[in-house]
Amino acid sequence: MLFQVEMDVIVTPDTDMAVFEERKAAEKAYSHELQRSGKWRHIWRIVGQYRNISIFDVESNAELHDLLMALPLYPYMDVRVTPLCRHPSSIRDDDS
Amino acid sequence: MLFQVEMDVIVTPDTDMAVFEERKAAEKAYSHELQRSGKWRHIWRIVGQYRNISIFDVESNAELHDLLMALPLYPYMDVRVTPLCRHPSSIRDDDS
Amino acid sequence: MLFQVEMDVIVTPDTDMAVFEERKAAEKAYSHELQRSGKWRHIWRIVGQYRNISIFDVESNAELHDLLMALPLYPYMDVRVTPLCRHPSSIRDDDS
Amino acid sequence: MLFQVEMDVIVTPDTDMAVFEERKAAEKAYSHELQRSGKWRHIWRIVGQYRNISIFDVESNAELHDLLMALPLYPYMDVRVTPLCRHPSSIRDDDS
Amino acid sequence: MLFQVEMDVIVTPDTDMAVFEERKAAEKAYSHELQRSGKWRHIWRIVGQYRNISIFDVESNAELHDLLMALPLYPYMDVRVTPLCRHPSSIRDDDS
Amino acid sequence: MLFQVEMDVIVTPDTDMAVFEERKAAEKAYSHELQRSGKWRHIWRIVGQYRNISIFDVESNAELHDLLMALPLYPYMDVRVTPLCRHPSSIRDDDS
Amino acid sequence: MLFQVEMDVIVTPDTDMAVFEERKAAEKAYSHELQRSGKWRHIWRIVGQYRNISIFDVESNAELHDLLMALPLYPYMDVRVTPLCRHPSSIRDDDS
Amino acid sequence: MLFQVEMDVIVTPDTDMAVFEERKAAEKAYSHELQRSGKWRHIWRIVGQYRNISIFDVESNAELHDLLMALPLYPYMDVRVTPLCRHPSSIRDDDS
Amino acid sequence: MLFQVEMDVIVTPDTDMAVFEERKAAEKAYSHELQRSGKWRHIWRIVGQYRNISIFDVESNAELHDLLMALPLYPYMDVRVTPLCRHPSSIRDDDS
Amino acid sequence: MLFQVEMDVIVTPDTDMAVFEERKAAEKAYSHELQRSGKWRHIWRIVGQYRNISIFDVESNAELHDLLMALPLYPYMDVRVTPLCRHPSSIRDDDS
């Protein structure tokens, strides 16, 4: 079951960058693990912004919620979730 | 080069559905052709809405513009384009 | 799996009320059927507006999409979907 | 008399988490008490967000106001209230 | 129990003014009746706009909804409802 | 001459509550005085929010401005003013 | 007593221009009359838009409302009113 | 003196395309003339939209207003104007 | 050449009022000087807000930018600029 | 390939101006270098604001992203990117 997730990372001149960088490294490892498991299907960066657009493939709303709340950078993020389904015009097997 | 494209299709009780359905059939054929060529990488439907989220892979801004303006349903659409690039955390070959 | 769904019904002085009332009767029957099946768990009217807040319980995003697109009043509606999950403070068995 | 209440909890990297966690524990106890009394009919978490959608069943606007202002996490919250009433299509006894 | 209600009346150069004026006369009579009964406590016009701000005093959300849906000009209106309660600083007996 | 005034009071976990409470007491006394003088005709609390809706009756824009700028809690407030006039449907002597 | 008034004039390709031009001529005459009387102190056009910014000088909210509702182009307008008062830094006699 | 001008062209399935195309041809000729005169310094299309971003170089606000109101497609447009000036970091002679 | 300028002054309970008051005195002197020179044609206070609406009369966009950036309170301000021109209905010599 | 980039620089009374000015000098040097290379085609200041509108000419989305993330003032900025293409009415060789 697919969801689009947009993640904005809020960093300001006041952010404690030592703490942030530590969490960012943890975030990368966590993202790699979820990508390898197939749960985090895609991640793209929006040009010029500290923001990504991702596609998650999960069993349920609850699983997605748990995965997102465990993001190491979650306290720095503004997250928006959009439920997706197969488009009748899609010809790809993996668009659902 | 990747772009996220959101397409809202505006249909109201006043829409001439005969004309619309004709264009919708043309839209499907056109979408299939672009998907097969690899230009239209993904298309997903947003749950409960006449709206899709798509990923296009094109050579240039100009190519994307031409592809979108040729959509048979374009006169019924509200279209928003977001330029994407590879996310440093992505492990997929085809996320860029 | 639970979703909050908000449905605005757009009726103006220009609406053909004969057509609308016919669809409204079909909508009521359809809603009753989905409520009895347990798919449409709750429906409340927002005070002073032609708008409802509903809770759906479905197997998947795709099932929810199909149920919503089949609403007889869908052409008159503006629909927004919010995925829900169990709140850690809930004590009710049926809040998930 | 039913009301939908949306509660956003605002936590940032600057939040004093010791104080916050103390209040969060008090919030949970308070929520349990109100749920058991039947005043707080439902509480759901919005996927990916520190936000809930709740249904309250109270005697009056004043009672709802007093219950909400006493929320231990109120100073961290952005709260929105929507008055509800029975929908003519509802078949459930407890949708009003 | 008090509610603030804002009513925008949407009239355009396309509005059939004969129908509208007929409904407006009915609206005035209906408003007078509700004011005399004490249900519609106040009505003020916003300067320069076809919009009013009103205070209703009703027994329940359901009663308010029924009163508003019966407004003869309802099909021309955009209505917003805000639940009120007594302010701790009020010294007036009739501010609640 | 009547005006609707909406006052949002912004209090966060960072607010110095000792200072705030002192000003709040002064605010209450000031509000009582203006209510007794007839300048501050009504004050209602919006349910679930630190926000009020008030009706002022003043001689001029300038008088209203001076009264509002002297609110002890003004530095914590976001204030919006809407000029009102008598509604042609009003039957109350004091709705203007 | 001064008010800023913004007037947007909504004209579309569907507007009956014969009717509109007739009203526009009446509007101009009406505006001249109010300017000569001193009620309509200033009127400026916003560059590139069918919108003006005006300053009115009236005795009361009610007088302003009556003047605005009598604008011949009112059915084509979206009007917003902002109450003004003398700025403590102004050195002009006629800025209040 | 430079201004950024954004022009949205509003075309719907209801637009009379014969009239529109006639005006569009006139618009192109008018644009060419203004570009050759140096008044309309740049025009770019926004990808996927019937919208352009332009840079005008004019003597005064009044001249810009007259040029824009004379656009043959003006009745179909939503226009926004932003005044520009030389940026202290610019190294180009023609950025002012 | 005329421009409307709106200036919001952002003051919070955290503002260092000693620094602010010093700048406010400088602002007043600067405003008087520009008013006397005719550059700052009007300044009005919006009722109930720390916000003014002003009319500037300048030679060019660049001159306006320089005047605004030199405002002693600029670091506390949110500034919006709207280019104006003579309205065809104006009868005043000094409305352009 | 052209993109419009809007950059808002967020400076408040709390900003450490020594650090900011250092970065601003670096920003200017960086901007000069990109302008000389032809990547940063235009930069204009918006009147009255700490905001610029720029035109970039790059090989790809990825190149634009890298150029923007390397802006010395990026931590103080809010950046928005709009992909552009040649307008069919343009007569300039360098509008694409």
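The first chain written gets the first letter, and so on, giving A, B, C, D, E, F, G, H, I and J; residue counts start at 1 in each chain.
We take it that contacts are C-beta pairs under 8 Å (C-beta built on N, C-alpha and C of every residue); 3 or more make two chains touch, one makes a residue touch a chain.
Chain by chain, the UniProt names read as follows: A, B, C, D, E, F, G, H, I, J = Muconolactone Delta-isomerase.
Everything numeric here is computed off the predicted structure, so don't read it as measured data.
Colleague: Could you tell me which chains are in contact with subunit B (Muconolactone Delta-isomerase) and with subunit E (Muconolactone Delta-isomerase) alike?
Modeller: Where subunit B (Muconolactone Delta-isomerase) and subunit E (Muconolactone Delta-isomerase) share a partner, that partner set is C.
Colleague: Go through the assembly and pull out the chains touching subunit G (Muconolactone Delta-isomerase) as well as subunit I (Muconolactone Delta-isomerase).
Modeller: Intersection of subunit G (Muconolactone Delta-isomerase) and subunit I (Muconolactone Delta-isomerase) contact lists gives F, H.
Colleague: Hop across touching chains from subunit A (Muconolactone Delta-isomerase) and tell me the fewest hops that reach subunit G (Muconolactone Delta-isomerase).
Modeller: The least step count works out to 3.
Colleague: Going by average Cα coordinates, which chain is farthest removed from subunit A (Muconolactone Delta-isomerase)?
Modeller: So the farthest one, by centre of C-alpha atoms, is G.
Colleague: Per the definition at the top, count C-beta pairs in contact and tell me whether F-G or E-F has more.
Modeller: E-F
Colleague: When subunit I (Muconolactone Delta-isomerase) touches subunit J (Muconolactone Delta-isomerase), do the two copies use mostly the same residue numbers, with over half shared, or different ones?
Modeller: different
Colleague: Cα centroid separation between subunit A (Muconolactone Delta-isomerase) and subunit B (Muconolactone Delta-isomerase), in whole Å?
Modeller: Inter-chain centre distance comes to 22 Å.
Colleague: Which whole number of Å gives the spacing of the CA centres of subunit D (Muconolactone Delta-isomerase) and subunit E (Muconolactone Delta-isomerase)?
Modeller: 28
Colleague: I'd like to verify one number: the distance from the centre of subunit A (Muconolactone Delta-isomerase) to the centre of subunit H (Muconolactone Delta-isomerase), where each centre is the average of its C-alpha atoms, in whole angstrom.
Modeller: Each chain reduced to its C-alpha mean, subunit A (Muconolactone Delta-isomerase) and subunit H (Muconolactone Delta-isomerase) end up 39 Å apart.
Colleague: Could you give the separation in Å between the centres of subunit C (Muconolactone Delta-isomerase) and subunit J (Muconolactone Delta-isomerase), each centre being the mean of its C-alpha atoms?
Modeller: 46
Colleague: Could you pull out the residues of subunit A (Muconolactone Delta-isomerase) that touch at least 2 other chains?
Modeller: 2-3, 45, 47, 61, 64-65, 81, 83-86, 96
Colleague: Going by the touch definition at the top, which pairs of chains touch each other?
Modeller: Applying the touch rule to all chain pairs gives A-B, A-C, A-D, A-J, B-C, B-H, B-J, C-D, C-E, D-E, D-F, E-F, E-G, F-G, F-I, G-H, G-I, H-I, H-J, I-J.
Colleague: Using the touch definition up top, name the residues of subunit E (Muconolactone Delta-isomerase) that touch subunit D (Muconolactone Delta-isomerase) in the complex.
Modeller: Per the stated touch rule, the residues are 1-3, 60-62, 64-65, 81, 83-86, 96.
Colleague: Please give the residue numbers of subunit C (Muconolactone Delta-isomerase) that touch subunit B (Muconolactone Delta-isomerase) in the complex, ascending.
Modeller: My answer: residues 3, 5, 15-16, 19-20, 61, 64-65, 68-69, 75-76, 79-81.
Colleague: Taking the complex as given, what residues does subunit A (Muconolactone Delta-isomerase) use to touch subunit B (Muconolactone Delta-isomerase)?
Modeller: My answer: residues 2, 4, 27-28, 31-32, 35-36, 42-47, 52-53, 55, 82-92, 95-96.
Colleague: Can you check the complex and tell me which residues of subunit C (Muconolactone Delta-isomerase) touch subunit E (Muconolactone Delta-isomerase)?
Modeller: Subunit C (Muconolactone Delta-isomerase) residues touching subunit E (Muconolactone Delta-isomerase): 11-13, 45, 47-49.
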